[in-house]
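Right, one structure below, let's go through it.
Chain lettering (A, B and C) follows the sequence in which the chains are written, and residue indices restart at 1 in each chain.
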């Protein structure tokens, strides 16, 4: 750990509200510790802005250890910045050479409208899960956990998919702003586990219908999502989603269509 | 005020079963006539909201994050305990109960803890059924590991992301109920106050964090699952926005706050790198199995660690505790790190760190073996610090990460305010003065899935279906108070930012009311906190308006409550003239430097009442009655 | 909408249409290439013209050709619609600074662009040869006493113009890139992903993407040079 500091030029997207027009603003940052995380550098910027009586930059963040999925910055042309397998909060300033100009923008996707500055509304992800990302089991009905035997390989595969933190980097990275990696991670986790199998037929099509209705794009298998995923979730889950979807759409003895979930009025903040 | 814990009489193992039977049931057709507000959607709140909705109640759930999936329960790494005894190593409900009571240094209720141990098994079943991908053996059965010094393997885990997987399980159950319309989920909405009508909790006032709009919500009961208050220390392992406002506002409305001084400080965290540090990251304490903790013997030694010869290294844990060495319990390890740093032996930029050295383990077992055991932790450390632990010693320092204290609740998890409940880390009930590893997830889910869904019925059956509308004068009054409070903050045009004051508060708390406390330090801390409260009132700087997304305003509002809570923590720590669990009073230690309890005078939970007259808070004691376990003093020499 | 149209217009459904038509067109590429190689028979175009006649008159082939037109149409229309809707999904503001090359290959991101190039080529190609063959006035040649349309003459004259050959080769390069991503992508879209077989599909795709366009491109080059 070193006390070395560096200076940077920041180009940050500022947008006062969802309907306001945004623009890139330039800030000079002096004496940033190389050991600081990217978000700590933003804390420093905000303290600086506050000291000058200016509005601090709004950005989402919470756990700062790479698991809550809240942080969401598009840094120098890539979600969560230049390193792979990490979130913005795990990115450190030593990654950026002294004097570098750093662009910071919000996730850009129609279903992720900007709320303010770098903060976007990711409610669409919640609604996709609500469309079927669960096993329908009530509290208290479960049999003994060891009565469902799950081979280690299957449990590991489910865990690989379940590692998704719902940050939205996949959407941000995808040139089509597709949410397929996110949808497939949940579909895949529950499709390989016996607990989730009985509902897997409906799950895939309902979650996909919700994704489509939110306005995400279609997958063109560029692999950008998986490359930028902080949890390095594999494209094989998308293949499984495709498979589940195809099979169920053509074999399920039911033609009733899922009605996409609407954003509730009480969450309509004008974004 | 007489505190009635409502622990049922009778043999320990039958208390919960008997109590459940005695609870009045709500007719299924009538459940839809009851509304319940759940604040916080982590393990406890999320599980409770989903379970209430399944039962048929109408639920309104609130979280300040953008989604319930982000609650800080998600960050728990290690695992969750349950008394399944799958490995056949002699575990049982009673043993889990006993370990938890003992681990809590005999400052928790027997009845609550036994119930926790009982339902621990149901939690594993429930979560497995939800599709939580627990680690498995090759044969397909669940894998277990031993954790936090337990002598049995009772910890279930999902890689290093157990908290995440359990939370996502609760989140999925909650999502299912949202899609059914049984739960209205208010995200990015922060609770500002509890509303009381005729002495009962009937609703809350919230602020929409995007629009700034102040709103009221009424219900038959209010459940707080709002987490702990470690962020009073500013630097902690908690998430940035974790705060005590909901609990503190309830406290100001009359809910008692119990054992605020019981905080847990985890010994193996990555130390602060400088003044702009925003939070601390925890690393599994399993590292101490092979790492040796030391500091240079010479104060202010600036040599690189590998250049310091063996005889100039002070392996203080091994020297002081020859039997347990580096494996002393969390609080002992943390406290001793503080002592050596106080003596000027600390290392690193801030001089508040000690070495955790794997050189000898690598020499003994090879790098490969060490990598197998700790590879992911070493990688994490390397990523954050840019130091390779295979080559140079890690630096560690303790960090606050859990608060055992919280709102006082009875056996039904209801506070002393009728209709107001507290669950999970927000209450004080199950961990006593110290929490064992892998028990936080257990308690959160126990409360949310298996306790409160039953116990709330006991209260609801006795209430009328009608609830006051949010136009009721009490709601309007509370709304106006909140608006005035925020208005006052926004008009603060001083020079100090909320973070600056918070950092200062954190320093005082960590220094004087952290790992080690004494009367003089606590008296100083109280004075200092009062100064900071004054500074906050007179010299705070906030920009922007109230009716917009305003992060500074949010911070200031939370800090106001932390400043008051901090004072209560100090008062409680000062009042408890004994050492127990996470509360170490230097005046009360054995000749060996061990914590000395005073069971004669302090076997009680200290439940504090807010004093609106500005004078000292009022102490109410709930005596802890031990019918099953014998109180013993621990020793790690 | 019926369940079928809902399926085929969902994001996965549309991709499945692209994948199936794409793979179908791949088989066409092979058949067409086999035919093209008749140009190099060195018999003054006899074999080629006979082949052309067969392809345009044999009833089964004629019937199949309507399937082929449909395949082209679907692939093209669906492709254009996907480009449009995928672009719209980004929203009103695009990134001021983006570095997609860090996370994905250029070919995978440029399927639309490459498809457009191939489409332009396709339109020209159809007008010049297919349209002429079906609807235009063709030079005639007599083979074994029967009069045939002399497509060989049309082609070999075209392949004498350097600009034409250049454009043709360039289009084949675009086709190669298109197939480089498209072939394996089609399998992924159809959910045909397997640890054991996917590496094989990938390699086969790369092989196909190199061999087939080279096969096409080499013919005009040889004819131009000879």
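The working rule: a contact is a pair of C-beta atoms (placed from the backbone, for glycine too) under 8 Å apart; a residue touches a chain by one contact, two chains touch by 3 or more.
The structure presented is a predicted model; accordingly, all values stated were derived computationally and were not measured.
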Contact graph of the chains (line, ring, star, complete, other): line
Chain occupying the middle, per Cα centroid: A
Dominant chain pairing [most C-beta pairs in contact]: A-B
Centroid comparison with subunit A (C-alpha atoms), farthest chain: C
Whole-Å gap separating subunit A and subunit B, where each centre is the average of the chain's CA atoms: 27
Subunit B and subunit C: spacing of chain centres that average the CA atoms, whole Å: 63
Where subunit A and subunit C are represented by their mean Cα positions, the distance between them in whole Å: 37
Residue ranges of subunit C in contact with subunit A within the complex: 2-3, 6-7, 10-16, 82, 85-100, 102-105, 108-109, 111, 181, 184-185, 188-193
For the subunit B and subunit A complex, residues of the former touching the latter: 47, 50-51, 54, 65-72, 74-75, 84, 86, 122, 124-142, 158-159, 161, 163-165, 168, 171-173, 175-176, 178-179, 184-188, 208, 210-211, 237, 239-241, 271, 273-274, 276-279, 281-282, 348-349, 383-387, 395, 449-450, 453, 497, 499-500, 541, 543-544, 548-549, 551-552
Subunit C contact footprint on subunit A (complex, rising order): 11, 13, 22, 24, 74, 76-78, 82, 103, 105, 108-114, 173, 175-178, 180, 208-209, 211-212, 215-224, 227-228, 235-236, 238-246, 249-250, 255, 257
In the complex, subunit A residues that touch subunit B: 1-3, 17, 33-37, 39-41, 43-44, 46-47, 50-51, 53-56, 58, 60-65, 67-70, 86, 90, 92, 94, 115-116, 119, 121-123, 125-126, 129-131, 133-146, 148-152, 155-156, 158-159, 162-163, 165-166, 189-190, 193, 195-196, 261, 264, 266-267, 269-271
